[in-house]
């Protein structure tokens, strides 16, 4: 019983983290049809920026809670600066290219950003545990857990709701739907598709960076952290259905809970199960469990 | 006309690889090594090129590359095999076998779904290897030097010649395949699948055949890599970044000719070696920047640099 | 109002339009007639900025819009209705119609919508239904309504009566007539002029990417000569074959 | 500037060789300088706590030896009189890449020897290639016993003792200080080092603390995993109160940070065989009361130890790098020292600059004074070092604002290593016959 509760809680907090990272990827794919490998870099940069600034401001005597502000600021700044730069400098010139070229270009950007991290932040790991330490711990079903990881669950819910409201309830969401459905018809109807792409990419980048920034306090932030994250979020997005936010939720929950179960019972299968499920879903429902309404011409 | 160009390519491949094998005896060891690594990668890229002609891009070809490499390592661990021929055969058979099985599934997929399913399969293998102690976990295995019919040569030059022979053979097989009716069919599938289907040709089967061929090439490539390097491990052989690198070399090389992958593979190996030497903290940056430069300025790959003057020359001759 | 000066358009380095030219005044309805694959759709897309023009010029109200970003057309009052309608299936009819209003930021969008419903009362009936639940003909009407939302000066209609029932086609002609009388310029690309030949002020024939002005044949058999018109011998409406039924398949829901 | 020129020069040379297909590099003969590859993690999670301190330690001692400023008995300048020119290589990127890099070092850069390697995985991968290329290679940090127990190498030395001694010393420390512990579990990385550490620790515990029950679900996350939320839950749910870990790179820091917030260390006795680097980087965040080891007479356990060599090392290191020397700083410095001693000795024995074979012969079975202890190449046919291994208990000192380790006990090498020729796990399983504890 205790173990089941532990699996649930571990799985949920891991899922939340996966969701926050993956939702940006799925949004970018949905709108721009770009599978962005550089998403792993947004994550890494978000984590580095947050860890760096939390360490810096903590050293200057700022209170612990200020870390939360820094997490948000880091995510927004990283997304805005790096996201905008990539869209403007690289992707803008590539929309007419073949899909595989765009994918590879994002891979190139990923490689470049991996090393720029080293050049900017050096090779030493960063720690930003202050926000996590501030929130302390709570005992659930006999296991003590950090409140911080639990708040990630809350953050994931807030982000999911915000995305849903934005897409389903706002004028913006409807414009986005038109572009998702058909870029050309959007243009013909006066939508500045380039602007939509910029906003989408920057928003997606911010979400990716937020994933990194939010998880930074629980990690040693060190070079290479983006490599595993990117395939994990691919798995999440593919399982749920590429381009679907509900799908990202389902995908993250499945991956998170599966992994937690594996770690508790058969640790050797921890990684395998994730990709086995990804393959299985692709085989049974290639569009993903929560495929968005297919871009079927009616 | 087409068979004529085919002949010319075959001749070019034969001459090129023969020269390379001979040159190998005069090159310093480190260049021999890099050329071998480059040829091994080139062989896997040749597999991707075959798929690309069908319009498919696999983001998980490290599955077969790694499988080939691990076949060589495990053959040695379990049965003490160090002979070149059984090692290579093992790599090709294991990779081709799995390719044949997975092909039944993958042949139904196109575009991004094909890429993602390939990725999933390769990462599943990665997940198993990394977490299983008896399979070497993250360490992998060492591979002892390859023996050639009971003879273990002092230098690696002989081995380079063997690798060159294998690559030449593979390139010619692919060239012949692409020129065959089945090969033409795959290209037609890329251009208009439905039309091919209407004409009554079995699209799924031709994709399946191509896929198995591609898996065998990547398996051989991994096997050669393991032998050339003397080491296998999941991060360098099976992780998604390896698949990414292979696709990168495919684009860098260009899909115009069966010789292109080998040129691309060798160039990549030298770029990496020098990038690493000049800037150990920024070698990925250099590789990434090269990738972007190729995509932007040389979208048809290095081969277009060779092809253009060649075509000009031919025109003049005509 | 709209002038297309000798444009060349390539798609994937295949020449689609060569020296294509056409002009249109406010309150005029002009037909662009040609068989399937002649380049009608590309011509309209080039005007909309969706296909890039290699050489030549497009002006609207004497302003050069050849290289202007595509979305600027809607702002200028040009509405476009693609042949295959392309409504967003998950959105309601009204949301589909209102899209250009949101993107362009039409200040009197309520009035405009009311006016559209006034011209096409039938669309008002199913305005709250998702586009995916509408019949092909209904979707055509919604697509026209959507084009009207931004297109208060010029309409570019790609095969408006294609694949719809004769009754609806007649109704479409009626609507277009009203719009023309309201002063809109209308350019209709058709492979079959039967339904709106009456309304046409001028016609241009398009064949293998070249556009030529040509006499209009009235129902009564007479012709209305157009200044500078060059008669095209074998391109009479009757000579335009009906489209292969297989190609219609994609158009029905 | 000089090194830049060198690189460009090498690049041009390399290209020249490629283009004109010149013959292979000739063997480099007598000289006033030698090139030595120094391999350590310069990027990745292991760079900060291990690679960079290791590289610094090597650099410090190389410069001092080149200049002849090391205290006696190592105060002669140079290596058999020659200046050592280090070529630094990053150990990250996976085993296959390291093997390729090793081939490049030897065959392209033409180094005279290679010093380094932190990860047991890299050591296992590089060793056969080093032997194949016949290049003197001194492994400095890695700990898997498999190197010399599964193989017999001529060109490979290791100046660091292997993991079995660390584990035995750890079990002994537990017996001596926490003898009534009822059960134990572990979290170790899923590769050679982690697996060997856990295996030998549980064997040693069975021997020294037989009452303690071993957990059925020890955790083996992937190296550099970085997130241990789920693993911490499983360990917390386990009844065992002692938690063994051989985490060493950024992983130990991540684990400690994540576990501490969850009150993990309030209920568990944590034993970290090699996590000392985290004590400095985490400061007061590092849990008090942890059993900590450094794999030898190095690092934080000998920080206060007096003696001219250690005082010089600690002070010179602090002055140059502004930080305490960590275990890896000592380990790399010791490997460099071994090379100097062997080269000097070979030069003395043979008169003139020694050949590689002479250096190898001189190094075999070497026993030498290091900065804070003694190293004997007693195992692996004179190629594998043994030395005492110690443990202590961590405590944050609020007054000095520095961490400290109390209650330090060192266990002599005669006690914790098997006699020459005996595989250590077999020896452990047999109950450590001949051990002198």
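Should a chain be cited, it is by its letter among A, B, C and D, assigned in written order, with residues numbered from 1 in that chain.
Here is the rule we use: a residue touches a chain if its C-beta (ideal position, glycine included) is under 8 Å from a C-beta of that chain, and two chains touch if they have at least 3 such contacts.
Model, not experiment: these values are computed from the prediction.
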Required steps from subunit C to subunit D (each step between touching chains, minimum):
2
Distance-to-centre winner among chains (Cα means, whole assembly as reference):
A
Can you give the whole-Å distance between the Cα centres of subunit A and subunit D?
37
Between subunit C and subunit A, distance of the C-alpha-averaged centres to the nearest whole Å:
43
Any idea how many Å lie between the Cα centroids of subunit A and subunit B?
33
Two or more other chains are touched by the subunit C residues none
Contacts with 2+ other chains: residues of subunit A
118, 123, 267-268, 270-271
Return the residues of subunit D touching two or more other chains; collapse runs of consecutive numbers into ranges.
42-43, 220, 222
A full list of chain pairs that touch reads A-B, A-C, A-D, B-D
So in the complex, which bits of subunit D are touching subunit A?
42-45, 47-49, 51-52, 92, 217, 219-222, 224, 226-227, 229-231, 233-234, 236-237, 250-251, 253-254, 257-258, 260-264, 281-282, 285
Given the complex, residues on subunit B that touch subunit D span 23, 26-31, 33, 37, 130-131, 133, 137-140, 142, 144-145, 225, 229-233, 235-237, 270, 273-274, 276-278, 280-281
Residue numbers of subunit D touching subunit B in their complex, please.
7, 10-11, 14, 17-18, 21-25, 42-43, 88-90, 93-101, 103-104, 107-108, 120-121, 124-125, 127-129, 132, 189-192, 195, 220, 222-223
Which residues of subunit A touch subunit D in the complex?
2-3, 6, 9-11, 13-14, 118, 123-125, 127, 129, 132-133, 135-137, 142-146, 148-149, 215, 218-220, 222-225, 259-260, 263-264, 267-268, 270-271
What part of subunit B is in contact with subunit A in the complex they form?
57, 59, 105, 109, 111-113, 115-117, 119-121, 123-124, 126-128, 130-132, 239-241, 244, 247-248, 251, 281-285, 287-292, 295-296, 299
